[in-house]
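Presented sequentially are two complexes of subunit A, the first with subunit B as partner and the second with subunit C.
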Partner chain A sequence: MRGNALRLFAGLALALWLVLPLVPLAIWSVAHGWRFPDLLPQQWSGNAWAYAFSPGSGVLESLGLTVFIATATTVLAALVGVPAGRALGLHEFRGKGIVTLILIAPAIVPGIAVALGLHGVFLRLGLTGTVGGVILAHLIPVIPYMTLIMASVFSSFDTDVEAQARSLGARPVQVFIHVTLPAILPGLMTGALFAFLVSWSQYLLTLSIGGGRVQTLPLTLFTFATSGRNDVTGAIAILYILPGVLILLFTARHLTGRNQSLAARVGA
Partner chain B sequence: MTALDLADLTKSYPDGGAPTVRGLSLSVESGSLTALLGPSGSGKTTVLKLIAGLLTPDTGDIRLGGRSIRDLPPEGRRVVMVFQNPLLFPHMTVAENVGFGLRMRDVAPNEVAARSAAMLEKVRLVGLGNRRPVELSGGQQQRAALARALVLEPEVLLLDEPLSSLDASLRDEMRALILDLQRETRVTTLVVTHDQTEAVILADRIALMLDGRLVQHATPEVIYGRPVTLAVARFFGGVNFLPGRAAGGIFHTSIGPLVLPTGVTDGPGTLTIRPEAVRLGPGREARPARLVSCTFLGTQTRIELDLAGTRLQALTTPEALRGLAPGQEVGVTLPTAALWVLPEV
Partner chain C sequence: MTERTRIILMLAPAFLLLGGVFFSALGLTLLRSFRYMPVIGLTEPDLAAYATILASPGFLGSLGLSLWIAAVSTLTSAGLALAAALLLRQTFPGRRLIGFLFQLNLTVPHVVGAIGILYLFSQSGAFARLAYAGGLIGGPAEFPALVHDPFAVGIILQYVWKEVPFIGLILLANMQAIGEDHEATARSLGATRWQAFTHVLLPMLMPGLIAASALVFAFAFGAYEIPLLLGANAPEALPVLAYRSYTDVDLAARPEAMAMAMIIALIGGAMVLVYARFARPMGRGRHAG
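Take a look at the complex of A and B:
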């Protein structure tokens, strides 16, 4: 009994800790003026949401662009991360430690250093201010996550199952689609969700490489936050945290329950 | 008729060690069940992977029905290998697993279903087609893996240690199933095993591999009674080796002259006799020996004999030993027909 009560209390505390900071944002988004020391706004209004969804505000356009960049980054990261993770997870080779170190380096080096260095290079290549340049820049922090997750997935993968499929008459492409992909799918999903969220939450890299011309949601959010439009900021912030919440719910329902080793894989 | 022909196959791995397979030539009769026997690390599994096309030989050729398949991809050969572990695809049902190869060859769905179901019946897995592999026992998984290969009606079936991952109680069942299915389908089968008893029970012919080389390819009876080298004799449980010299049909050894079967060439050699062929008791040809020790093995008893300072081992029944105790004198006969001379190596 005491254990249950304790667990309930811990769960509540955690939920409050995670949700409580978001409550003012949600209230702001439907408030019409909210002054200190009022506990709740005097008047309610849907103006902020109406504005956010209106074509003139650019919020929807920004949302679409952010989804596109995050999706493209995720797909490209998977194209690099799956083969790279396979090589790291399955084979022992000379210089493997150094390759791994170079791979994780962007995740260790402060983001501002990466952004500044990258800016100079991209400027010369004519990639600044383009969506393609921003996607390339996002790949830098994303690929290490993807590769390391896939390396840990492949380290427990038995390649004999692929050889068996080949001997049963499957061509290499068929082996990948019908045998390898289903086996690595839970890990690949985890990596993809990580990749999507890391790209989604990029501010610094987008700002420096995009040069203000690639207006993703965090940049739009920051613009409104600094301009004092607390109600619109609240609405955009709610939109901004939506994928995170959805992904959290999805992982809780589909990945952790069915695949016990997933937590260990992500941990590694 | 020869179904499968391996000609002078050599395979090294990039680690720079000695070649795993060295100049291996082997002809497998169509419809036969051949055991590729050898201790672990002798290169047996590598040979199977070469035939299946999962590895490419450094030199040599592989022919199927007279045609070279050396440069064909695995899916282009009518050869299927079944690995030591069942390796069922975990995300498919048992029936989907069995139908896998047919689906990869774009066979019509209703035909895949019909042939998979028929195959599941043959391996006695009726009613388990909709289960997931994890819900099957080890023996059932092994049978499903066999069905998944046989449903493709290959010309050559390669089995890698099909019994080694099973409990002793399931081995006999699986062994009988393999023999039944092989007799029924007449598929040319090559079974890799490290267990000589298993090879003897399963196979029509045994190909013995030591250190990447084929040392003898013959029926189990011939390999037992007439091994070509000392190593072969030892691998098959040979324990009695008497050095000496053959001259005019007589072999001269430390225990005296022995009459040889016909056809032994003169010269130095090592005489061997299977322990179960040594006969105890009085007789015209009997020599005096002293019983050194007895070890009861269940249905048989292993005894050690001392013939004028030379030790010999014999396997006999507990009844034949009644009234005898270590230290006593006993007559020993080494029948001429059971003697075999290995050339001096």
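Take a look at the complex of A and C:
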């Protein structure tokens, strides 16, 4: 009995700690002034949300741009990550260890270690300050995740069905579209959603390569957070975490079914 | 087409893209850190930038601070994640809710967590207001400095908030794969619950725990925007110092910024090796073809 009560208490404390940092953000977004030492705002207001959705604030523009960059990054990462994941998941070859190392390193080495050099490289190529340059930069942490997830998908893929389709006269493109793609689609969706979220969260690579001209949502959020507009900051923060919440609800229901997390798929 | 050619063709696009952006960027960083910049007449590579920063108290302070942040965040997160995973392995009311919150937390970008921590722990934040309401403090200034503080408490709290669910979910997945048979066998041979944990389950979880911790260490050491929001002015975390040196109007500071970036890359590279050594190898090549 005491064990049960203890577990329940620990569980409650954990749940509370997990949501706690999001609570002041949500409250601020509907507060009209919220000064020390008020525990709750004296007055409530929808001003912050109205401002965030007004054309002048640039928040919606920023949201659209962030969605575009994350989507483009995801598509490009899938185009290169699916074949690379197939090579790693289905084949044993000499040098596989070092190849894997090279493919995962860009996701683990901190962005600041490459951002400065990348800025120099892109300066010569005229890619600084452009959306295309930012997308290329985002591919650095995104390709490794996509490749690892696809490798784990392909490691349980049965190539016999492809051989059967070929023996029945299907051309390679037909085999891919009608046999391979349907089989890997659930895993590919997981990889795509994960890739989207990794690009969605980038701050430094966007700042250094975009040079202030590519204003994604985290940059806008940061600007408001450091200018003391706590109410607008709260509203943008809620907007910013929304896609992740939607993706989570979507994956929980459609993709994995069981309690299998995104992290567990890419993690150790 | 031989199998070898096919493998090379499948890997080529990813390699070309990552080579084009990641490895060329690292290469340029390395050259610049050796003060090799023909454009401004520097054609003799040397180690002067490294010598300068290694003798600079500012750099050493930042390096020490970032190592402190990464070490404390990683150890605290790993310990709490292990406890949380052991808790979530059992059945109790609300377990599914916590499982959901763990995954939710994973999708929240670090910047949002950092701002949330700021609004909770600053001297006019939620906890300071609670302390005032409880009569513990007479004003904001009496609340202990937990953000922008010399011990980087706020930064560490943010990483712990984000990384406990990350490591915890990896541990839970490993626990599912391991099953409970090994522990049950140990128990049937007379081991206590504690012994079954320390001698059976923990050693089996260790590789996954170390691999996940390497990822957390690399991130906590190299993240930029979190210490920028929550850190003190001096010493700054190393990534903040490196980026500020790079954007400094004085171009002479650039090779030093590049040298700092290389040192961060080295520590990141070490974590890549730790991760690769302990993470589960993938792919079994059962269906070569």
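In this section, the second predicted complex is superposed on the first by the 242 of 268 C-alpha atoms of A that agree within 3 Å, B and C clash if a C-alpha of one lies under 4 Å from a C-alpha of the other, contacts with A are read in each partner's own complex, and residues count from 1 in each chain.
In this text, a contact is a pair of C-beta atoms (placed from the backbone, for glycine too) under 8 Å apart; a residue touches a chain by one contact, two chains touch by 3 or more.
All values derive from a computational prediction rather than experimental measurement.
Trainee: Given the superposition on subunit A, are subunit B and subunit C in a clash or a fit?
Mentor: fit
Trainee: Could you look at A:L116 and tell me whether it touches subunit B, subunit C, both or neither (first, second, both, neither)?
Mentor: Second partner only, subunit C.
Trainee: Just subunit B (first), just subunit C (second), both, or neither: which does A:V67 touch?
Mentor: In the superposed model, A:V67 contacts neither subunit B nor subunit C.
Trainee: A:A170 in the overlay: touching subunit B, subunit C, both, or neither? Say first, second, both or neither.
Mentor: Only subunit B is touched by A:A170; subunit C is not.
Trainee: Subunit A residues in contact: does subunit B have more, or subunit C?
Mentor: C
Trainee: Of the partners subunit B and subunit C, which touch A:V161 in the superposed model: first, second, both, neither?
Mentor: first
Trainee: For the overlaid structures, how many degrees, to the nearest 10, lie between subunit B and subunit C at the C-alpha centre of subunit A?
Mentor: Once the two structures are overlaid, it is 100 degrees.
Trainee: Please indicate which partner A:L204 is in contact with in the superposed arrangement: first for subunit B, second for subunit C, both, or neither.
Mentor: Only subunit C; A:L204 stays clear of subunit B.
Trainee: Figure out whether A:H178 sits in contact with subunit B (first) or subunit C (second), or with both, or with neither.
Mentor: It touches subunit B, and subunit C stays clear.
Trainee: Going by the contact rule set out at the top, does A:V131 touch subunit B (first), subunit C (second), both, or neither?
Mentor: A:V131 sits against neither subunit B nor subunit C.
Trainee: First (subunit B), second (subunit C), both or neither: which does A:D38 touch?
Mentor: So A:D38 only meets subunit C here.
Trainee: After overlaying the two complexes, what is the shortest C-alpha distance between subunit B and subunit C, in Å?
Mentor: 7 Å.
Trainee: Would you tell me the residues on subunit A in contact with subunit B in one complex that are also in contact with subunit C in the other?
Mentor: Overlap of subunit B and subunit C footprints on subunit A: residues 158, 160, 163.
Trainee: Mind pulling up the subunit A residues that touch subunit B in the complex?
Mentor: Residues 158, 160-161, 163-171, 174, 178-179, 182-183.
Trainee: Contact residues on subunit B for subunit A in the complex?
Mentor: 49, 52-54, 73-75, 79-83, 85, 87, 89-91, 100-101, 104-105, 148-149, 152
Trainee: Which bits of subunit C are touching subunit A when the two form their complex?
Mentor: 3-4, 7, 9-11, 13-15, 17-18, 20-22, 24-30, 32, 83-84, 87, 90, 92-95, 97-113, 115-120, 124-126, 128-130, 132-133, 140, 158, 161, 165-166, 169-170, 172-174, 207-209, 211-212, 214-215, 218-219, 221-225, 229, 239, 242-243, 246, 257-258, 261-262, 264-265, 268-269, 271-273, 275-276, 278-280, 282-285, 287-289
Trainee: Using the touch rule from the top, collect the residues of subunit A that touch subunit C in their complex.
Mentor: 4, 7-8, 10-12, 14-15, 17-25, 28, 36-39, 76, 79-81, 83-84, 86-93, 97, 99-106, 108-121, 136-137, 139-140, 143, 147-148, 151-152, 154-155, 157-160, 163, 197, 200-201, 203-204, 208, 218, 221-222, 225-226, 230, 233, 237, 240-241, 244-245, 247-248, 252, 259-264, 267-268
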